[in-house]
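Worksheet: one structure, shown below.
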Amino acid sequence: MTVIGTIASHSALQILRGAKEEGFKTMLVCDRGRKKLYERFGLADEYVFVDKFGDVLKKEVQQELIDKEVIMVPHGSFVEYVGARELLNFKVPMFGNKNVLVWESDRKKGQTWFKKARLKIPKEFKDPSEINRPALVKYPGARGGRGYALVKNEKEFKERVGKMGKGMLIQEYIVGTRFYPHFFFSPLSKENEIMGIDIRYESNVDGLSGLPEILHMAPTYVITGNIPVMMRESLLAKVFDMADSLIKASQELFYPGLKGPYCIELVCTDTLELYLFEISARIVAGTNVWVPGSPYTYFKYGKEISTGRRIAMEIKRAIKQDKLDEIVT
Amino acid sequence: MTVIGTIASHSALQILRGAKEEGFKTMLVCDRGRKKLYERFGLADEYVFVDKFGDVLKKEVQQELIDKEVIMVPHGSFVEYVGARELLNFKVPMFGNKNVLVWESDRKKGQTWFKKARLKIPKEFKDPSEINRPALVKYPGARGGRGYALVKNEKEFKERVGKMGKGMLIQEYIVGTRFYPHFFFSPLSKENEIMGIDIRYESNVDGLSGLPEILHMAPTYVITGNIPVMMRESLLAKVFDMADSLIKASQELFYPGLKGPYCIELVCTDTLELYLFEISARIVAGTNVWVPGSPYTYFKYGKEISTGRRIAMEIKRAIKQDKLDEIVT
Amino acid sequence: MTVIGTIASHSALQILRGAKEEGFKTMLVCDRGRKKLYERFGLADEYVFVDKFGDVLKKEVQQELIDKEVIMVPHGSFVEYVGARELLNFKVPMFGNKNVLVWESDRKKGQTWFKKARLKIPKEFKDPSEINRPALVKYPGARGGRGYALVKNEKEFKERVGKMGKGMLIQEYIVGTRFYPHFFFSPLSKENEIMGIDIRYESNVDGLSGLPEILHMAPTYVITGNIPVMMRESLLAKVFDMADSLIKASQELFYPGLKGPYCIELVCTDTLELYLFEISARIVAGTNVWVPGSPYTYFKYGKEISTGRRIAMEIKRAIKQDKLDEIVT
């Protein structure tokens, strides 16, 4: 009997609840400190306790998960704590194509992917001397958070950042509204489905709004939560086109490409142009705002479906159709 | 058999889903470019393809819609692409009173309506020389978007706008929180119902918040999405009073007045005064955030009802009571 | 037959709808001006009309409520209009422990409580001369609203506030994202449950964001509405720990302590530290955004449960278990 499992953080509550809705048993890889939190919700049928999440790679832990027929669902904290490259050697079946996690976590690979998909992305400045408009300097490894600096020209770059470092990315700062649409690409039906959209609620930048400038400090972008949002329906066709292109490009770059849940990170200018600045190639925490379901899944299904549940639905169908190998790696 | 139809944009997904929930067949007027988007959701039983939305006025298109017993539901893009005055000659039955669309799209008529309803509106400056506080200059035809300028005095008006033009409106800028409550006035029960409230998510103004002032540019107000919001319950009685007054005034100004869904656009100061600055006299895109339902419709109905579904419910009741002529024009 | 009642404001619609969902009859204490609003929703089986909400203390009103076996559910407006100390002499059974309302409405008692719970709170400046960073001056009695001033040093304090007054509180201004998690502590199961989280939508501060600095005025913080938000799952364990500590401290300070719904008001810095700045020891209006239910209640219950309904569920269980005295005072 297939069991759906994940690691105790990020969107684990949603993944487990979705699994239960589709009739699966659930397994949670948990450290002692988080046990109490997850027990409050009563969603895990079984726990594997580890000292730290990285221990999920230990041989005996992997063996237990394999013996219990667990399919692990990766999420942001999973990748962060275990490592995208380390997951390549993980023997437990994982939902989706885990090769994509290497692509999403490497900024250079990401840029290759976006260009292959011919998507509009913010202009990159190869050298600080090229900076001729507001630009965001992204430090290597930083995904959001404090590893960003906002500069307007080379002088500010020198003051705030210093020297151009290895793995640093300098990108034009596009002013506009941010949208984080969540998609699900079904490896079984080959359909791209929109699951919902959120806006990230970031500290300290979202705590600075409305305050007198004099109180302002350099904005930081640490994700602390998510807010639900719906997008103008006339932009939706464009967003789907972008998602379709990314799937197609992924299949060409790393066959069989991206599968399952992902999120494309967009900014929309006041001329309604959409720029892609990042992709998360697994379930994002923003999907939590749309539990039990979003307007988009309600439009499609006539009932409320969360991303966590959508994952479980796909696993269930794959089992019925004897195609589990098409949805896991 | 009555069919519910609309044009493929804005809130079409919601209107079609609502129609299906109430058991109606659906019809979508679509251009080729949008076909793929709407097929993903599978909500249209039939399509009429047009080269551009304005072609819905073509004699043969109208005839097809009439032959198939379609009731068309107007929305913002419908009015924008076809034109409020052109719709007066549209022979296909439309939900609501289409005369109201002429009133909502004409700024002078709007002001007459709001004054008739004795609602508090931002002070109007007839001449740039009168500007003695922050003011918003609205260009003719602009509804939100880039056709707005924010000025503090005559000098700034001259710099940024130039000369006072025909159809321009200069309005006091009221600082406060914006609310866009969605209502439904039932022509059958004569009741005013609140369906939900949203906040507009506008580019670039909502992308500027929290950023250092030095990065700021003149804010623009292009609607790119919508965020759900609930209003302090103690303000709700006032908001209903405003809505009731607008309905009453509409019946006096253009009998039989406003019917069906509409949205009043408010700003709430820190002394809890509510100013009306605009009305949309048809379904607004902000209703999309509350699919399948809002807390307000849940309070009233004990189940979730979207505006799209509420429209279909009214059509269904009208058919049962043989009163279709009371809900369409 | 137990009836669930409340006062016609704040979260009354939610409380009454929740009562109906659990099969209770409902009673609304209402002034004539609000009758129309509440009749639109049809949620009150009976009304007691009063000239002003304070009249709920009148002997004959209390007697009627007692005769009709009403359990009154307190909310923010209830406390504001009637008074926390006055409620101590109210003879009608009230849901929860009404002694807590005295603690939450007294700033000094609040600080004692938070310190007893060993929670991180913003630094307090006892004297204006100590102000060495941005600080919020809270006037006595002001809870949000216009009774706040933002100052950076003693000089600004003198300019904007003048002299240190009795009951004034000067607190370090912590920049970060605000979260208002709603909890329910069950006196029957002794479990702490999270019901949802909101962000307050405040005038004029939330109307100033994105505007050019030159238009800015001193921000004010009058609550006009609420926006739904979800918190990073990895912060949730910390938030539950804070809530558990507050419950424990409340039981030590004023036995039997806090019972039923409450809200802790947090700010999250960009190093993911959580500061507590206030507590509301009864249902908060922010719970209205999560009707009929939030993702958190869906995770726990597998169905949508609002705070209003959760209250009614607790009353129902207490009746079944013959433990009404454990849930009312």
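Each chain gets a letter, A, B and C, in the order it is written, and its residues are counted from 1.
Please note the rule applied: a residue touches a chain if its C-beta (ideal position, glycine included) is under 8 Å from a C-beta of that chain, and two chains touch if they have at least 3 such contacts.
Small disclaimer: the values here were computed from a predicted structure and weren't measured.
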Cα superposition of subunit A on its sequence copy subunit B - rotation in ° rounded to nearest 5: 120
Same-residue or different-residue interface between subunit B and subunit C, half as cut-off: different
Averaged-CA centre spacing for the pair subunit C and subunit B, given as whole angstrom: 34
Touching two or more other chains - residues of subunit B: 204, 206-210, 213, 227-228
Complex contact set, residues of subunit B against subunit C: 134, 150, 152, 173, 175-179, 191-193, 197, 199, 204-210, 213, 216, 218-219, 227-237, 240, 267-272, 293, 295, 298-300, 302, 304
Subunit B partner contacts - residues on subunit C that touch it in the complex: 9-14, 17, 20-21, 33-34, 36-37, 40-43, 77, 145-146, 201-204, 206-215, 217, 220, 222-228, 285, 288-292
